[in-house]
Amino acid sequence: MSAELCDLTGAELSVRLAAGETSASAVLASSQARIDAVEDTVGAFLTRTDQLASERAAELDAYLSTGAPQSPVAGIPVALKDVFTTNGVRTTCGSKILETYVPPYDATAWARLAGAGAVLVGKTNCDEFAMGSSNENSAYGPVHNPWDPDRVPGGSSGGSAAAVASGEAVWALGTDTGGSVRQPASLCGVVGLKPTYGRISRYGLIAFASSLDTVGTFTRTVRDAASMLGVLAGHDPRDATSLDVPVPDYTDGLDRGVAGLRVGVVTEAFGEGVEPGVGASVRAAIDRLESLGASIGEVELPHAAYALSAYYLIAPSECSSNLARYDGVRYGYRAPGEHADSIEMMFATRGQGFGPEVKRRVMLGTYALSAGYYEAYYGQAQKVRTLVIQDYETAFERFDILVSPTSPTTAFRIGEKADDPMAMYLNDIFTIPANLAGVPAISIPSGLDDAGLPVGVQLTAPALDEPTLFRAAHALESALSLDLRPPLLQGAG
Amino acid sequence: MPVEIDIEHVAKLARIDLSDDEIARLRTQLAQILEHAALVGEVAAADVVPTASPIPRANVYRDDVPEPSLPVDEALRNAPERDGDRFRVPRIAETGA
Amino acid sequence: MSAPGYEAVIGLECHVELSTATKMFCSCANVFGAPPNTQTCPVCLGHPGTLPVPNREAIARIIKIGLALDSEIAPHSLFHRKNYFYPDMPKNYQISQYDLPICVGGHLDIELADGTARRIGITRVHMEEDTGKSTHGGGSGRIHDATYATLDFNRAGVPLVECVSEPDMRSPEEAAAYLRELRATLESLDVSDVKMEEGSLRCDANVSLRPHGTEAFGTKVEIKNMNSIRSLERALTYEIERQTKALDVGEAIVQETRHWDEDAGSTASMRSKEEAFDYRYFPEPDIPAMEPDAGWVDDIRASIPELPRARRDRYVETLGLKPEVARVLVGDRGSSALFDAAVDLGADAVPAANWITQDVAALRNAGGDDGELTAQHVADVVQLIAAGAVSNAGAKQALEASFASGEPVEAAVDRLGLRQVSDTGALGALADEVLAENPDVVQKFRDGKEGVIGFLVGQLMQKAAGAANPKVAQELLRERLQG
């Protein structure tokens, strides 16, 4: 059957819009129809913005009809993980404590998309405050993987990944702190990009772990990821950690191919704990790279084994401080009833408003930072971080790109790991090092395993070398030439 | 060796009310996670400089030029409880913090 | 004053609100007294997703303060998060500094009323942000019987400089002198309004006692809520006495924070907490390090004006003022500026200083502002008196007129008929008249009763309708009487 508008890539839609072959309103209608058809199964959205989207699409159509310059994102339906503030539109972070919160300002990343003509279809479900790898930690219920609704989409940006995989949005924003864009992209069969830390402004990205949080994208193709990054990237005076370096045209040179590119296979990433189906699919992708002219070698990231431990000290420590502001005083949930005093009110508000995973991490972080423990935990973890950065620097002296599976497994069943935090944390074992080092990484589908579930291969590049990253990923994607369509959509309109 | 964590004390620092069940569960789970996390101590890194941020910068400032503030109703729009143009909260006990 | 057995050890922790145009980490205007919650934004309200960006001017000002206090400006310093929960804290952490403050060390030289000079060490000067303001409701307006509270976040995020002294002060008088000198220094730098009554300068004290001649520190007690320099002195005096009494009967001093009650004239223990604060400091991940370059620091150094100490020295050594007068003059910026300008206009320093510290000060205090007075007025007054053209009383009257309306002093003198005749010709004629009309008084004088000359002077003044220079009048009469 011919592809619906909502299933096309952003690049394809952009061409049709420019040619006047379709309209923003028609594209939006297609996405909204898809949402209506599958949302009961997938549960990707917390808030739909139909009214705003229709108005915006109409404005866009008027604008586009004048033949004025058109951004790659103009007129194209986008979803935002519900951790991005949207002025006047409820933003919950998947938490009860922000159930009624309406931000008075727009996140910079969203503002840039909006300013370029993107059409917002809705805010997507996610693990509460971006803490999780399965989207089972949302206060509003889990998201279901479009490839198998009994399985998780991954997390924490599960809703955004599922929305793109199911055609509910053409592309989406997520956030990646320890793998929360790449891992769900891998589990849902879409492209997930985590750019260099600081490449995209964090202003309006509701903070989980400040030195790790990175705005990321979900798209159907590498080209779309490159287009989106071009609109999102750049210095923001409101974010003191945003990089003040020029933004190149990331779609330029996408087709250069990988002849002569030095690709390092991360040896630790194929050990025990990696499902055979995942290992096989990723190895096949690596072989493909070789056949395209890349030279393949092996590389070690000796301190990657400690990266998980370091992450589970740094992230909770920073989050315990970032989440202190949720106290029922100025916005959000306040525990009902009489309270002896304000502090008692805060205790009750936070006790009732935070879910179990958030409590776990806030408590862990509070403990790690508390008197007497700073040096042993947070201080030491930041040293491991230095060592991980050095591992990458050493690796990138010999290689241009590193490759590994994105996730050790494919999508697991909802409820399967929910009671075992440590088992859950292991989902991020291949993605975390890139967050510690701040280097860019992308997950693209490498195929399906025998159970028909998507597998993702992760490519990593040096800081600010997104061009090489895109070039390698695009070459591999073209060569693999996968046409992934979840069974859910067979027969769906 | 599992770490002994004073969960009640930590909950007090974090200002989170916990049920007895939660306290018990957290005591076990945090100990497990910390055992794993404490592996960072194994890495012989006495002379290694800790990294505060992955892409370090320095001297990032803002010009001292005022921009419009939020209109007062915007500032109070999300207030759980409002008293005129101020936020209202239960009494503030003297101990604070 | 310490009891004979104990030496008081006092350190002061001062907070200074900078008078920058905007707040520390956001671009809200930094103004005092605006209607509640009209100077707020998502950043200073601690909304989810917001980020802090440091105000360059605030950093320049704290560097300026550090340089004026002879501190080292750290080549590398960090903001840290100080984590604690309180309703007036929008983020429930304060962005502050911990072990890498911008300014390290330094000192402030103070001078007591009796002329004793002391050097008080400064431990550090660091940058942080102010909190919102809470108002207690439902009771008397005081915290202890309130049933609810309301919050205004206009002040949240205002740049706050914390200046910590070494525990070098040994008496309430020294502490007051330190605070006075610090205030005057900050005022001359133009970095803050430094008005204790508005909260732009705040001060907490740490006090402990130890037996004379020993080195170990006693248990220190923190005192808060002193809202003026006088308050500080009273509170310290009380606390030293309280601790002395306790130690004298063998009671241990509890390490705690005590609240100064201005009305009761005493310090009271704040309800004790179960645990000391655990601020869980860690480096602020949202703000990169500060490494001010040498050129910038040099430019700031060059912009520092003559500081109070140097000015006092100049007044005494170069202009010949008495130290107490210099101290009073330098203690008030307006007076000091007026004085300098008057001297530039040619006024003699010593009388100019006296006029400014006495009569002009009185007028300013009564009027609440500087009126219409200019340095020219002061210079003219000094001039006219020196020339004998007006008496002190007359000059005072003219000055009042000039203060009120700005009219030139000479014009006021003439308008009010205050001109004093010193012309010996005219006065001489009047003197002859007086002597001719009072032969019996003249005789009394020549018989040895010199005191009666006062009566004759009075007669001359009457004839001159008060406009005679009494000194000259007396001289002329004496000449004639003795001749």
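Order as written gives the chain letters A, B and C; numbering starts at 1 within each chain.
The definition used in the following text is that contacts are C-beta pairs under 8 Å (C-beta built on N, C-alpha and C of every residue); 3 or more make two chains touch, one makes a residue touch a chain.
Worth saying up front: this structure is predicted, and the values here are computed from it rather than measured.
**Student:** Select the chain at the greatest separation from chain B, using centres from the mean of Cα atoms.
**Tutor:** Using the mean of the C-alpha atoms as each chain's centre, the farthest one from chain B is C.
**Student:** Just to be sure I understand: the centre of a chain is the mean of its C-alpha atoms, right? Then which chain's centre is nearest the mean of all of them?
**Tutor:** Looking at where each chain's C-alpha mean falls, the closest to the middle is B.
**Student:** Return the distance between the CA-based centres of chain B and chain C, expressed in whole Å.
**Tutor:** Going by mean C-alpha positions, chain B sits 40 Å from chain C.
**Student:** Quick check: how many Å separate the C-alpha centres of chain A and chain C?
**Tutor:** 57
**Student:** Just curious, how far off is chain B from chain A if you go by their C-alpha centres, in Å?
**Tutor:** Measuring from centre to centre gives 23 Å for this pair.
**Student:** Residues of chain B that contact two or more other chains, please.
**Tutor:** Within chain B, the residues that touch at least two other chains are 13, 15, 52-53, 57, 60, 62, 70, 75, 87, 89-93, 95-96.
**Student:** In chain C, what residues contact two or more other chains?
**Tutor:** 42, 45, 53-54, 85, 87, 92, 149, 151, 153, 278, 280, 285, 287-288
**Student:** Identify all positions of chain A at which a residue touches two or more other chains, and write them in rising order.
**Tutor:** Residues 101, 104, 211, 237, 240-241, 320, 324, 327, 329-331, 342-343, 346, 366, 370 of chain A touch two or more partner chains.
**Student:** Considering the complex alone, what residue numbers of chain C touch chain A?
**Tutor:** Those in contact with chain A are residues 42, 45-54, 81, 83, 85, 87, 90-93, 149, 151, 153, 278, 280-282, 285-288.
**Student:** With touch defined as at the start, can you tell me which chain B residues reach chain A in the complex?
**Tutor:** Residues in contact with chain A: 5, 7, 10-11, 13-18, 22, 26, 29-30, 32-34, 36-43, 45, 48-55, 57, 60, 62, 70, 74-75, 77-81, 87, 89-93, 95-96.
**Student:** Show which residues of chain A lie in contact with chain B when the two form their complex.
**Tutor:** Listed in rising order, the residues are 100-102, 104, 196-198, 211, 237, 240-241, 243-244, 303, 305-306, 308-310, 312-313, 320, 324, 327-334, 338-348, 350-352, 354, 356, 359-360, 362-364, 366-368, 370, 376-377, 379-387, 389, 421-422, 425, 435-439, 463.
**Student:** Please give the residue numbers of chain B that touch chain C in the complex, ascending.
**Tutor:** 9, 13, 15, 52-53, 56-67, 69-70, 72, 75-76, 83-97
**Student:** So in the complex, the part of chain A that touches chain C is made up of which residues?
**Tutor:** Contact set of chain A toward chain C: 83-85, 91, 93, 98, 101, 103-105, 107, 202-207, 210-211, 237-241, 317-318, 320-321, 324-327, 329-331, 342-343, 346, 366, 369-371, 374, 378.
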